[in-house]
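For reference, the structures are reproduced in the following blocks.
Two complexes are shown next, each including subunit A; its partner changes from subunit B in the first to subunit C in the second.
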Partner chain A sequence: MLYEAEEVLGLIPQREPVVMVSRLIDASGNRCHTGLSVTADNYFIEDDGLMAETGLIEHIAQSASAFAGHRYRMQSLPAPIGYIGEVRKFHCYRRPAIGDELQTEIIFEAEAEGVTLMSATTSCNGEAVADTKMKIFVEPVR
Partner chain B sequence: MLLKDKFFSIENTVISNDGVTYQIRLLSDCDCYRGHFPGKPVSPGVCNIEMIRECAELFTGKDLFIEEIKQCRLTAVSSPAICPSLDVAIKLIPASDNTAYEINASITDQARTYMSLKGIFRTKQ
Partner chain C sequence: MTREEIVSKVNAVLAEEFEVEESVISPDADIRKTLELDSLRLVDLISAIQVAFGVKVTTEELHLLTKFSDLYDYIEKNL
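Right after this comes the complex of A and B.
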């Protein structure tokens, strides 16, 4: 485990009530694994007790943000702000429930000129929950 | 609904042959801006996607599951300060078995396009 709970907040610009990543589990090269513990007070929990699909997209985006923040920290630079530029080929197979422990693999497939192309797969107990590709715009820290 | 009357409110509804346009207002006191981002309120892109889903649900009268987003482009930063009034335009094509819709949606104002989305929203069981 690299970062958990409060430590993750050092890697991302988001704050409560919209924090959607609980931990950065490991990171090497262009790949990392993150986790989200789905709690009852999660911002994206709907009336039926399940998380909205859009919560998964935010979790994936913040996972990428935490990975980028970790890499900047390794170079002693502050975490940049990233904006989602494009979501492609997003599939949701089921909506997460309260108590689920989500695990997400992020792969940065290409990076250039402040644009990162990435792919992500989110699972729970080995079962696929969602996958997507995303383009992230990274705003340089001034 | 997660965001209706919290992140946005509906001011007007214009129904067309193949869909609907909701004229909405972004609500600056939504709690998402406390964390996105502190001191720099920017509408989360995923909240704009969620707003499209909720507008599609209102129009169809059905609970809809975002099964697939083929492509969603986020082409400009939105916030209650930048674009307090927006048009959420949605075109829906029912699938042959009537359990899903092919969705084409956009979020615009007179100045620019903030989002365009193509996807499949399925009726929840």
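Right after this comes the complex of A and C.
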């Protein structure tokens, strides 16, 4: 485990109640794994007790942000601010429920002029929950 | 991989990725105009070439490639 609980907040700009990453499990090269414990007070839990699909997109985006923050930190640079530029081919196979432990693999596939193309796969106990491709624009650190 | 195979694969991959007809991709056509490349889509071209051919094109190199024939040449040289 690389970062957990409060330590993750040093990698991403979000704060409660919209923090959607519980831990950065590992990171190597262009890929990482993150985790999210889905609790009853999660901002994206709806009346039926399941997470809104937008919560999954937010979790994936924050996972990428945490990964980028970790990579910058390894170079002794402050975590950058990232913006979602595009979400493509988003598939939600099932909405997460309270008590689920989500695990997400992020792969940074290519980068050009500050835009990073990434793919993400979210699962729960080996069952596919969602996948997507996303473009993140990272604001240069000044 | 022969030149013809490279041309055929590039055209098929880019037509699918950028949702254009393969017929609009010709050696003398302008890459940016044909694929309507903007700063967000540039990274899709780099990724598509990398996945299809295992060839990494840097942003700087990509700016020097204006026609599809330049792209075919680059891939052929770097395969």
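Just so we're on the same page, the second predicted complex is superposed on the first by the 142 of 142 C-alpha atoms of A that agree within 3 Å, B and C clash if a C-alpha of one lies under 4 Å from a C-alpha of the other, contacts with A are read in each partner's own complex, and residues count from 1 in each chain.
Following the convention adopted for this analysis, a residue touches a chain if its C-beta (ideal position, glycine included) is under 8 Å from a C-beta of that chain, and two chains touch if they have at least 3 such contacts.
Predicted model only: the values in this text are computed from it and were never measured.
Novice: A:Thr39 in the overlay: touching subunit B, subunit C, both, or neither? Say first, second, both or neither.
Specialist: A:Thr39 sits against neither subunit B nor subunit C.
Novice: Classify the contacts of A:Glu86 with the two partner chains as first (subunit B alone), second (subunit C alone), both, or neither.
Specialist: After superposition on chain A, A:Glu86 lies in contact with both partners, subunit B and subunit C.
Novice: If you stack the two complexes on chain A, which partner ends up touching A:Gly55: first (subunit B), second (subunit C), both, or neither?
Specialist: A:Gly55 contacts subunit B only, not subunit C.
Novice: Could you look at A:Val19 and tell me whether it touches subunit B, subunit C, both or neither (first, second, both, neither)?
Specialist: In the superposed model, A:Val19 contacts subunit B only, not subunit C.
Novice: Quick check for you: in the superposed arrangement, does A:Val115 touch first (subunit B), second (subunit C), both or neither?
Specialist: A:Val115 sits against subunit C, while subunit B stays out of touch.
Novice: Across the two complexes, what residues of subunit A are contacted by subunit B and by subunit C?
Specialist: Shared contact residues on subunit A (touching subunit B in one complex, subunit C in the other): 85-86.
Novice: Would you tell me which residues of subunit C are touching subunit A in their complex?
Specialist: It comes out as residues 39-40, 42-44, 46-47, 50-51, 59, 62.
Novice: Going by the contact rule at the top, pick out the subunit A residues touching subunit B in the complex.
Specialist: 13-19, 43-44, 46, 52-55, 57-58, 61, 81, 83-92, 95, 132
Novice: Could you pull out which subunit A residues touch subunit C in their complex?
Specialist: Touching subunit C from subunit A are residues 85-86, 109-117, 135.
Novice: If you look only at subunit B, which of its residues touch subunit A in the complex?
Specialist: The contact residues of subunit B facing subunit A are 2, 31-32, 34-38, 42, 44-47, 49-50, 53, 65-74, 77, 119.
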